[in-house]
């Protein structure tokens, strides 16, 4: 007779028993934990570990616990998944007390649907309304939720154009281009010196933003708002002009070769490695720039086209990051109050600037005088008088409408006109 | 529903029907745990898909309401669905035959146990080992504008042919197909090798005596024996590609440039997780469901086992 | 179709002198056809090694090097990335969570699927067909489409934010593939073996254990490794149902938190983390690899 061992089955039985036992044990220990958490706050955070923001937040939280004895647990999720994570846990009524996130089309449904709490009265009660910049409060006030405020506005950003003066000078360009014609000339000189001109993340969200950047050269904010919310690019002569401008930049060689394939990361590292002389990018990258690049960089707006509606080079700024308060969090409002007030304390605010290199959404006199050690952060704070700020499209473009694939295609099609591209964009708004 | 395999009709000498039925009753017990378990977690989602497909539902916590045939109507008039269907068809009809035929030959090759075959087996499994996100990162680096492929072209003097492969309307879909084949070939090859190893060497020896070479041994001897299995793996690869392309598309091209790599699976993801239209996303899921069944029927026909 | 030119030189396989290893009787094994095939397979193998190579060297580089010169082996940041990622993400906890969920789910999967495959393989009646049709249904749902109903189920049975729910869910979702593949393997077992065992008085369970199991080791090994990978790499469901809590989350849920929020991602760090997460999978595969070849059939028939 043949004899074979039955090890596999024995192993399986062993593992199963172990699994069940372990499961039972963990279940027990979890029950004990839940009783002691009346004095505990949980935060779902998009400030992730390994980034300046995440690391700084971890430090602050430890400090807060030391001062007040309130335990704070931070759970991190990356920006792509964090909204889903919150909504899933809300379904189970196990959502975290606070969420650190941006107010974007993905999250602008939360207040109207009651997934987060209107914090207007808390802002007033805790004396925070006067500390926060009015534009930020306006941004966070949602008309479709009875003008409730979706969260506590906290950090902001600016989004200028980065110019590597070392590379520009190498090609014989002595100043930051002031007009689009200057830009085209500069690009030609750069290419002659074998330096790729302007990097752009043509395959991802940077191209979406850049499209709105160009369109707004010829479209005023009111019209732009309707345009971004509802579409209708072909019907707007200004919009078509803006798209034509983008086409002109493409055809004049202002962008690096194969720009339509660049991801946002590839754009940034091209610039950081000196493989591009210019890039439109935001303050979130200031701290990551290598020191040599940071000191060589001048920040400014995008050059002016002829016949545009603005008089100064254009850039973006926003106040979209803040704390959402969940219904679970509202049950622990005493602890939440301590935490929020702590975060708006002057030393803490200043720490975000000097160590976290953030731009805060609070008024300058509240912030006091503080500077970051990062040269680019300092330069970024100085651009305001030099630029005109455009309308930030993020809160108007409907969730799920993505210009990027269409933008990537447009950037790859030499000669295609704005009149043609506007049709593609309008199609994105079809139901 | 379709059966994916024919039950092999094994002639039992002197068995008798009664004994067969009695055996079967005992056998059911063996299969029950698996079946019940599986049903609990499948019927729900399947049923839900059929229900939600006819609803207007924005997001996980948004209010939902029925809207009859509106979603279906929308689907039938939606150009994007048409484009996605074409892309899905191209994706499948190119990658599936290449993978299945290539993998079978690869499995046969590995089974020859030539020197180095152990290492090759390990290497062949690599695409299956690394997670989807790691593969995405890799191919973005390989096929990016300043990636490996373009650098290589530069070095051999073909720099003019360098393009942004994943953002080029002509090359985006071929790139996707290539990645699909790359990741499916080795893995399926290993699966074939495992099955082929159970074929008695004496059968091959007999064919050799008749003067058969490897090609003939592969297709005239091994294939008929494994025809059933070949069908199963084809079905698996078909379904995996049909339903699973969204992952790769998300990581590599997000449907672009334009709509050149937008597949039906991608649209299900897009409407389910990117724009808040879960109802419509499930409607497209229904289309995939139907296509899945149609494909299964066809595959079964093609691989009908002959005894 | 895009053609990838290989910058690395391809090793032309030197045909081994046929006389050296005679494992089988027969003429020279390296016909031109075989040699040519070997070359093709090697080319493919090189393209497969590429991602591992890239992953490996990226983990030991500085962030900028990783994106700028992806394929040159600089060693700019040594073991820093590995150390940092272990500390930053609490990798120890995450690995244990992954291991727990994966191992337990695997055990449950096998315990359910092996008997089921046996039943389907040996069934004489229509049961096999009916059951197979039911299992086929499972393949027809796009994975992420089932997320919401599964989430609702987890909430309903009060197992949201537990790892144990995954141990219930993953085996269930793995049944179709496991059972269908294993059935194929079980069908290759010759009837005579079962008959001789039955004649010797063995009950059905004993037959399964002593006759079928050993002969279908390749199938079981295949299913084990396939499911180990799929459970270990599971992301979306684990993220939504188990959650992001550092004490509960798995490695796959922890890794994406390295992605910079809107800024630049430190790919070197991500590769270091991915390398760590891929290691157990590789180990399991190395161990099970041998088992996927069947060396027992001939022995059994003669014995």
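To keep things simple, chains are lettered A, B and C as they appear, and every chain counts its residues starting from 1.
We adopt the following convention: contacts are C-beta pairs under 8 Å (C-beta built on N, C-alpha and C of every residue); 3 or more make two chains touch, one makes a residue touch a chain.
A quick note: this is a predicted structure, and the numbers were derived from the prediction, not measured.
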Category of the chain touch graph - line, ring, star, complete, other: complete
The chain pair with the larger count of contacting C-beta pairs, comparing B-C against A-C, is B-C
So what's the Cα centroid distance for subunit A and subunit C, whole Å? 36
Per the centroid of Cα atoms for each chain, what is the distance between subunit B and subunit C, given in Å? 16
Each of the following residues of subunit C touches two or more other chains, namely 67, 111, 151, 256, 267
So subunit A residues touching two or more other chains come to 84, 88, 91, 266, 275
Residues of subunit B touching 2+ other chains? 60, 165, 273
Note: in the complex, subunit C contacts subunit B through residues 1-2, 4-7, 13, 16, 21, 23-24, 26, 29, 31, 33-34, 37-38, 41, 44-45, 47-52, 54-55, 67, 70-71, 111-113, 115-116, 118-120, 122-129, 131-146, 148-151, 153, 168-169, 171-173, 175-177, 179-181, 183-185, 187-188, 191, 204, 208, 218-219, 221-222, 225-226, 229, 233, 235, 252, 255-256, 267, 270-271, 274, 277-278, 281-282, 285-286, 289, 292-295, 297-298, 301
Please give the residue numbers of subunit A that touch subunit C in the complex, ascending. 1-6, 8-9, 11-13, 15-16, 18-19, 22-23, 26-27, 30, 44, 46-51, 53, 73, 75-81, 84-85, 88-89, 91-92, 94, 264-266, 268-269, 272-273, 275, 282, 284-285, 288, 290
Quick check on the complex: what are the subunit C residues that touch subunit A? 64, 67-68, 84-85, 88-89, 100, 103-104, 106-108, 110-111, 114, 151-152, 154-155, 160-164, 167, 193, 200, 209-211, 213-214, 217, 220, 239-241, 243-246, 256-267, 269, 300, 303
Using the touch rule from the top, collect the residues of subunit B that touch subunit C in their complex. 1-5, 7-8, 10, 12, 15, 20-21, 23-24, 26-31, 33-35, 37-42, 44-49, 52, 60, 105-106, 109, 112-116, 118, 120-135, 137-138, 141-143, 147-149, 151-153, 155-156, 158, 165, 171, 174-175, 177-178, 182, 185-186, 190-191, 193-195, 197-198, 200-201, 208, 213-215, 228-229, 232, 235-236, 239, 243-244, 246, 265, 268-269, 272-273, 278, 281-282, 285, 288-289, 292-293, 296
Can you list the subunit A residues touching subunit B in their complex? 84, 87-88, 90-91, 109, 113, 115, 202-204, 256-263, 266, 270, 275, 398-402, 404-406, 408-409, 412, 424, 427, 431
